[in-house]
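Quick one: the structure is below, questions incoming.
First chain written, first letter: the chains are A, B and C, and each begins at residue 1.
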Amino acid sequence: MSIRDRMSGNEAIATAMRQINPDVFAMFPITPSTEIPQYFAKYVADGKVDTEFICVESEHSSMSACIGAEAAGCRAITATSSAGLSFMNETLFVAASARLPIVLAVACRALTGPININHDYSDSMAERDSGFIQIYAENNQEAYDNYLQAHRIAETADVRLPVMICEDGFITSHALENIELESDEDVKAFVGEYNPENYLLKEENPLAVGPYGVSGYYMEARVAQAEAMKNAKRAILDVAADFEKTFGRKYGFFEEYKMEDAELAIVIMGSSAGTAKAAVDELREAGQKVGLIKVRVFRPFPGEELAKALSHVKAVAVMDKSEGFSANGGPLFAETASACINLSERPKMIDIVYGLGGRDFTVAHTKRVFKHLEKIVATGEVGETYIHLGQRDDREEVL
Amino acid sequence: MNIMEIRWHGRGGQGAKTASLLLADAAFMAGKFVQSFPEYGPERSGAPITAYNRISDERCSIHSNIYEPDYVVVVDETLLESVDVTAGLKKDGAIVINSAKSGEELRPLLNGYQGKVYTIDAGTLSRKHLGNYFPNTPMLAAIVAISECVEPDAFMKDMEEAYSHKFADKPQVVKGNLGCLEETMQSVKAQM
Amino acid sequence: MNKRASEINEQSTWQELTTGCEIYEAGTSKLTLTGEWRSKVPVWDAEKCRHCMLCTPFCPDSSIPVTDGKRGDFDYDHCKGCGICYKVCPFGAIEWKEVH
């Protein structure tokens, strides 16, 4: 039986961590993720977990400590945001290539500059090629549910990759909302114990991790890691299926919202998807065939599945909440467009960069996007494919 | 879906965010779906801050700020001169202001707002019942009484339970808080 | 069953590598015969050697074996011929010769 409660996204993630009771939590604080170790420190002080709680001197060190602990045979976790995630950059690649199933909670926040503490995905998107699995949440419930699934996905034998559980900074991390929690026993039973075959502290079996790989080995090692990321697709669906069977809430690579007969669609992530759903509802009531796809799993990217889901649509706006500075659109657009490139009938596709550094995204914004898609279909002209939404501008607005 | 939207105006450190959390708690206890979130930024004590509540019977998926609130709560009267507190406020909604003045005295400061204006002397009420300046308690009772986002009697019962649990060893604090809520609600009713 | 390091080489396919290139045993450096890299070679003179044990810790390749407090002859399978032992020997007990 689920437990009706209300809490912020940060408290929801901290609760999941408490229920899982990991071996090591290496912490360094940064807004807006700080509350996660703050809640967890209380669990440690109150004796609710027997986790080794290490206060380190930087995020480079927190991820390094996780790498050491995980290699030693522990379940190791941490949490961060923004510049903290950037400072981890080097060690993220180490964790992934050493195939250490660490779970990292990220309260996504803009990167400098200008200096800003609010939400967008510039931090997590900058690490999209680090080799971490990335799973994004729309709200506190999904952040909690994703976290409960993370360790099992990460620890799957033919995957063994670290996972980022991403929530929207402040919008999800600090907003109090209703949530359905599961009991400690049920969570423990679902997540299970971590019993790695090889680990540094296994006395009878000496182990070396993170070796040098000359050109004669590096390519093979990277192909093996790439294959593990492909395997993660199956593991993510398997764990989601068991999660649904156990707790009743359904997850996949992405959520299709009113897509069955949709002619216009947006592809979007995180809390903005919830806001956009309200706009889809309103437009549907007015008889418009609109829908949306909320991408939950960004790494591995479900390209084939997403292309199939978009194949019947006439026009798509991909919504990027980070600026890729490619002069050609953001990262979600690049992935979505490349996923659709070999469809025999492709939808027209544009990229809309929005919501940077906490710029609010509303139902009205969503309606403007659909209106623009309508125009594209009516005229057959795609026009500009790389558009910003929500900024003050002295040029005529595209949308 | 019917969503009640409430906007709080206060100053950093005065507890407007906490008040919005308390309201969410009260609505949660009454079986509602709730959202409580401040408009985030660097914390600056004394600077104007905004907090929000959404209260509904089903889960609300909208996660933007609130631009057309049903109700506005102003925890600090001095904000009326610097902040457009009635911006977007629905005409059939209401605003409640922490002030010893009457609603009609304050109306000229409300940018031509035509709807209902309530005032609650939260300072006097909280000093009388709680012995100190705790404006959150009366402002919470006021917005419940005005908006009826929670059925007022059920609200009083839930709060009694919550306070009795929280202050189990301080019955006078429980009594003070409940007295403060009760008198605030009467004051609102007198203005209706 | 974990794969031994000796079973992996530059002909191995990616499927034949261990996960994360982990190595499941100790002392795998013994498998690489670095002795063939030498261009000069240290030669031990047992007569002059006082077994002061200065050369052993200086050897970067652990190629000077010690048994019961006495050093033995070089491990020429792994000595790279760096010459440090020759430099530190206070008794002239290590000669430094051309390989050819």
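We adopt the following convention: a contact is a pair of C-beta atoms (placed from the backbone, for glycine too) under 8 Å apart; a residue touches a chain by one contact, two chains touch by 3 or more.
The shown structure was predicted, so the numbers you read here are calculated from the model rather than taken from an experiment.
S.K.: Measuring between Cα centroids, what's the chain most distant from chain B?
M.R.: The most remote chain is C.
S.K.: Using only alpha carbons, which chain's centroid is the nearest to the whole structure's centroid?
M.R.: A
S.K.: How many angstrom lie between the centres of chain A and chain B, each centre taken as the mean Cα position?
M.R.: A distance of 35 Å separates the two centres.
S.K.: Quick check: how many Å separate the C-alpha centres of chain B and chain C?
M.R.: Whole-Å distance between the two chain centres: 78.
S.K.: Centre to centre, by mean C-alpha position, how many angstrom separate chain A and chain C?
M.R.: Between these chains, centre-to-centre, one finds 49 Å.
S.K.: Touching chain A in the complex: which residues of chain B?
M.R.: Interface residues on chain B, with respect to chain A: 21, 24-25, 28, 33-38, 40-42, 59, 61-65, 67.
S.K.: Using the touch definition up top, name the residues of chain A that touch chain C in the complex.
M.R.: 97-100, 160, 197-198, 205-211, 213, 216-217, 219-221, 223-224, 227-228
S.K.: Going by the contact rule at the top, pick out the chain C residues touching chain A in the complex.
M.R.: Per the touch definition, chain C meets chain A at residues 2, 10, 12-15, 17, 19-26, 28.
S.K.: For the complex, give me every residue of chain A touching chain B.
M.R.: For this pair, the touching residues of chain A are 6, 32, 117-118, 138-139, 168, 170-172, 174-178, 271-275, 277-278, 358, 360-363.
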